[in-house]
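In what follows, chain A forms one complex with chain B and a second complex with chain C.
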Partner chain A sequence: MKATEAVRTAGVTALVARAVGRAPVLLLGGLVVLLFLLSLGIGPVRLSPDVVATALFGGGSEEQRIIVQEIRLPRAVLAVAVGGVLGLSGAALQGLLRNPLAAPELFGAPQAAALGAVLVIATGLADVLSFALPLAAIVAAFVSVFVLLVIAGRNAGLLLLILAGLALSSLAGAGTALTMNLAPNPFAALEISFWLLGSLEDRSIRHVAMALPFILAGGAILLSQRHAFRALSLGEETAESLGVDVSRLRLAVILGVALGVGGSVAVSGTIGFIGLVGPHLARPLVGWDPARLLVPSALVGAALLTAADIAVRLLPSTNSVRVGVLTALIGVPFFLYLIVRERRALSGGVG
Partner chain B sequence: MSAGLLTAERLCVAIGGRDVITDVSFALPRENLVALVGPNGAGKTTLLRAMSGLVASRGVLTVDGTPVASLTARDRAKKFAYLPQGHVVHWPLPVRDVVALGRYPHGAVDPARLSRPDAEAVERAMRAADLDSLADRPVTELSGGEKSRVALARMLAVEAPVMLADEPVASLDPYFQIEVLGLLQRAARGGALVIVVTHDLGLAARFADRVLVLRDGRLAMDGPPAEALGPGPLADVFRISAFRGGQDGQPVIVPWAAV
Partner chain C sequence: MGGLQRRSIARRMIRRLGVAALLLVATAVHAADAPKRIASLNLCTDQLLLAVADPEQIIGLSPYARDSGMSWAAAEAARHPALSGGAEDVMMLRPDLVVAGRFERRATRELLARRGLAVADFDIARSIDEAKAQLARMGALVGHPERASAHIAAIDAALLRARNAGSRSGLRVLAVSRRGWVPGIDSLMSALLAAAGLSNAAGELGIATGGFASLEAIVAARPDLVLVASAAESAEDQGQAFLLHPALTRLYPPQRRIVIPEALTICGGPMVAAALDRLAAALEGIGP
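Here is the complex of A and B:
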């Protein structure tokens, strides 16, 4: 009798938790939609929300339609997709490595993807084959995350991961610098360096078509592993004893992150720190469960990048500030704050 | 030989090309608490992991008559509940969610959506480990003894016929050592085969129905505590002598001097 009672209480608690648990997701989803619409209205020509809505669905003047559908819509879609997959990748890597300081940008994934992309741009291959760009970025990102996880081994400490990530991103950076160094003319080097800063400006529907399939595939792979991340909270050995194939999970995460980050970098350049910041901002809302963290982290990432992309349009400056520069300016202090918070774990060495 | 729940015939485990476990054979029945003991480096953990199918082995290993190697990962996870040494929870998850992960092999991958039988299994495990009052606490905030009970409840929640625990009482004070082993003993009385790796020969004698003594990867002794931990084996394998006695019908062994 008492047992049934306890189960019923647990059931009710779970129901309440589920209802309350959905609220942050709905809230964040609403925020992303709001920012998305705002992003369509803000620029050299300000459009009110109702004009945006009309133009989006084929109404309004031709000028308004062109501004909303052809100039701003691809940019807004990319901001949501890129920010979302970066936030998701950060949460997935943190779940896999059970480490709050894991993020694609700290592991050199975007830097490696950029190197892959830059090589394709410098050789002129990107002009011939449009899909060469994302593919090169994805392959390079895959290699970097794979190498990092091989170095990290089964139970890597914080220090080891960060150092290996630093080494990999430095190597990728050096490769990129070399490519620019050897660029045939200064204009090519300039083009590459501006592209590296990370931006969503002047992106067309062609860019969306190039990146979105990869980003969606990467996101789907990462989301499909969500329950395994929860089992992994108990360590790899216990997770394996519960029936989780940890080697397969690792491979899935590497692939998902590579597809997401590679696809993103191919159209937006390197946009850093969304993957690190996203999960940390989502945790106060949904708790620490690594499975329940994925979607909110993606939404926070999408909201962050969209907001940053709106901000660069509002900043008064003669030369537009690149959104990648802005996310780094915000992200690095946050990273420092996390380092201070994790100081004890970091000074504890590799263990 | 009587049919055991878990049987091994000439089990060998190689790590890095070297046999760490050599020709181990046993037949372990249900309703038994088995202590697996041996000096450092004897291969206890490796044998335990091999028993659960987590590391590959040669020879024949069967559970309930089925070769362990032929089981899928999920079926294996339903047959064997495993508690590794130095178990940790990496995120501050609520106690109930951690325990509920024991139902993962049964398809209950989300603690927020447990089916009724799964929820009942979790409640049973929580009650057995006396965790009801801690259900919503983040596990990382608990004391060492409480964490051990959570880990144990997580293992109990699998409701597997075979439970394997690697040093479950190593870092606990005497009260919790007795609590935890008592809990495992009750699980064994409830029908499970419970295998516990331990260095504590006194606790092994007090709680185990049967003791497996491992030396250099080979089974040196297999029998009831009084016999397997007799003066001969203790001197041979552990290089110690012990004070011996008895209380409540159980042998008492207190390691006393190196020989």
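Here is the complex of A and C:
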């Protein structure tokens, strides 16, 4: 009797522990759902929550259905998907490099992806709604992250990674602007601001169809490596002794980040700092286990971008503010704070 | 059809002769002392100039004059030198007259005026009457008022044709271009629509002098027709992708879209006649 009771107690304790462990994920998930619904409810045309709800499920007038289903829904879906995969990419890169200042945007991945996309458009190989666009963005993002990790070497110091990333992203940003300026498009300035600062305005279901498969594939690849990150946190040698193929892991992470970031950038432009901020906000909730950090980071990223995209719509301005402007306004001070915190490691010099 | 056309051509000729005679008497500049070297800094003055001046009088046009997407006279413009649009090359050319837009390149125009060059500024034409007045002014400036009168007569004839075609009056039309840019009520586009008996739905969106309309606002206002610059099915940039958004393509399939190239509607000038004819022809094709 006693033994079965003990087993039962142990089982309950385990269940409770698992529930407590999952609480942050549930909480963050709830937040994302809330923001998603809010995003459906907000726009230039005022619709009450019950009108939005009926329109979402096929009721209401044709105009209301079109506004909710075809204008607001794709935008909200993309904000969650793009924010999610950026947060996930940041957490995965931080896990791979065991480095809290790793993030796709600091490595120039989105900027390179934008350059890839713009090059395909400028050469006339594709229009902005074709699948060639995300493919080009993915290839460019892959190349940029790969090159960065090759430049930085195996046990790269923080400073080296950040400097190399800065150089790559500046180069890619300049390349994007130059490509657009050389293209015979009189509206180049506006288009450049889209690719460099990002926007989710007026995205349609076609954009969702273009980006979502790649984002999901990238996300799945990154999530599948979560146990390897845990082993890796003990050091590369230990991880290899535990059966982790570090070079394969490296390739898988680069591929996952490229798919996620490339797919995102092709439809939303360069949206910065979500990948950096997401994991850092999630870490206090789940502790330092890099495997358990992935999903919460993705959720924080999704919540951040959705919130930023809502804020952009609420700002009183005649010419819509780019969502990347807002994420940078939040992200850069945060980045500076992180640098101050990591000052000791950074002042160690290039290593 | 043919009879109607012949009759309108005859009417146009009569009007043209009448206006020409009138302007010839009133004009200040005679062809002999008209400026011989004229440079233009603006897409719209380029086209006014090409319409009325002798080719030898034109020594340079703005960079956009050759862009067939924006310039109605792109083919003719290709025969003339293209300027940078800045002050340097204009100064080196030492023109007798510089024609420019009043609302752009202010620093350039002031610089040229300080250097002693004659600069004639042209406003943005916001109505068909203003477009005709600009043609007349350019004609007088270059010493060929008779050519301006001919263009004005052509516009008047097209106005008459558009009015006759505009039997489906009162339809609400919204002209939408890239990223949702909508010309306001106080614009040449509005005047063109009104000439064909149509109303500009920009007023319902509260857009007076032009501005961006959100996709949602367009869907909510739901004008009867939209007017776009091209029927292209692909978008070469994000701004054009706006016009291919399913929300718009659903409500406005090709038979609810009027297509008039931008080159016909950006500027007020000789192309107004062609714009009116395009509009009238497009309305013929629109179902009830």
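The rule we apply is simple: the second predicted complex is superposed on the first by the 321 of 351 C-alpha atoms of A that agree within 3 Å, B and C clash if a C-alpha of one lies under 4 Å from a C-alpha of the other, contacts with A are read in each partner's own complex, and residues count from 1 in each chain.
Keep in mind that, in the parts below, contacts are C-beta pairs under 8 Å (C-beta built on N, C-alpha and C of every residue); 3 or more make two chains touch, one makes a residue touch a chain.
The model shown is predicted, which means the values in this text are computed figures rather than measured ones.
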Message: Tell me the contact category for A:I71 with respect to chain B and chain C: first, second, both or neither.
response: second
Partner chain in contact with A:V150 - chain B first, chain C second, else both or neither: neither
Task: Would you check which partner chain A:A174 touches, where first means chain B only, second means chain C only, and both and neither mean what they say?
output: neither
Task: Using the touch definition from the top, say if A:V332 reaches chain B (first), chain C (second), both or neither.
output: neither
Message: With both complexes overlaid on chain A, does A:G243 touch chain B (first), chain C (second), both or neither?
response: first
Task: Could you tell me if A:G235 is touching chain B, chain C, both of them or neither one (first, second, both, neither)?
output: first
- request: Using the superposition on A, tell me which residues of chain A are in contact with chain B and, in the other complex, with chain C.
  value: none
Message: Per the contact definition, I'd like the list of chain A residues that touch chain C in the complex.
response: 43-45, 62-63, 66-67, 70-72, 121, 127-130, 184-187, 190-191, 194, 199, 202, 204-206, 269, 318-320
- request: Could you pull out which chain A residues touch chain B in their complex?
  value: 3, 6-7, 10-11, 14, 17-18, 21, 98-99, 227, 230-235, 237-238, 240-245, 288-292
Query: Where on chain B does chain A make contact in their complex?
result: 52, 54, 73-74, 76-78, 80-84, 87-93, 96-98, 101-102, 104-105, 109-114, 116, 119-120, 122-124, 127, 132, 135, 138, 154, 158
Task: Quick one: which bits of chain C touch chain A in the complex? Just the residue numbers, please.
output: 64, 67, 70, 178-180, 211-212, 214-217, 219-220, 222, 234-242, 244-247, 250-251
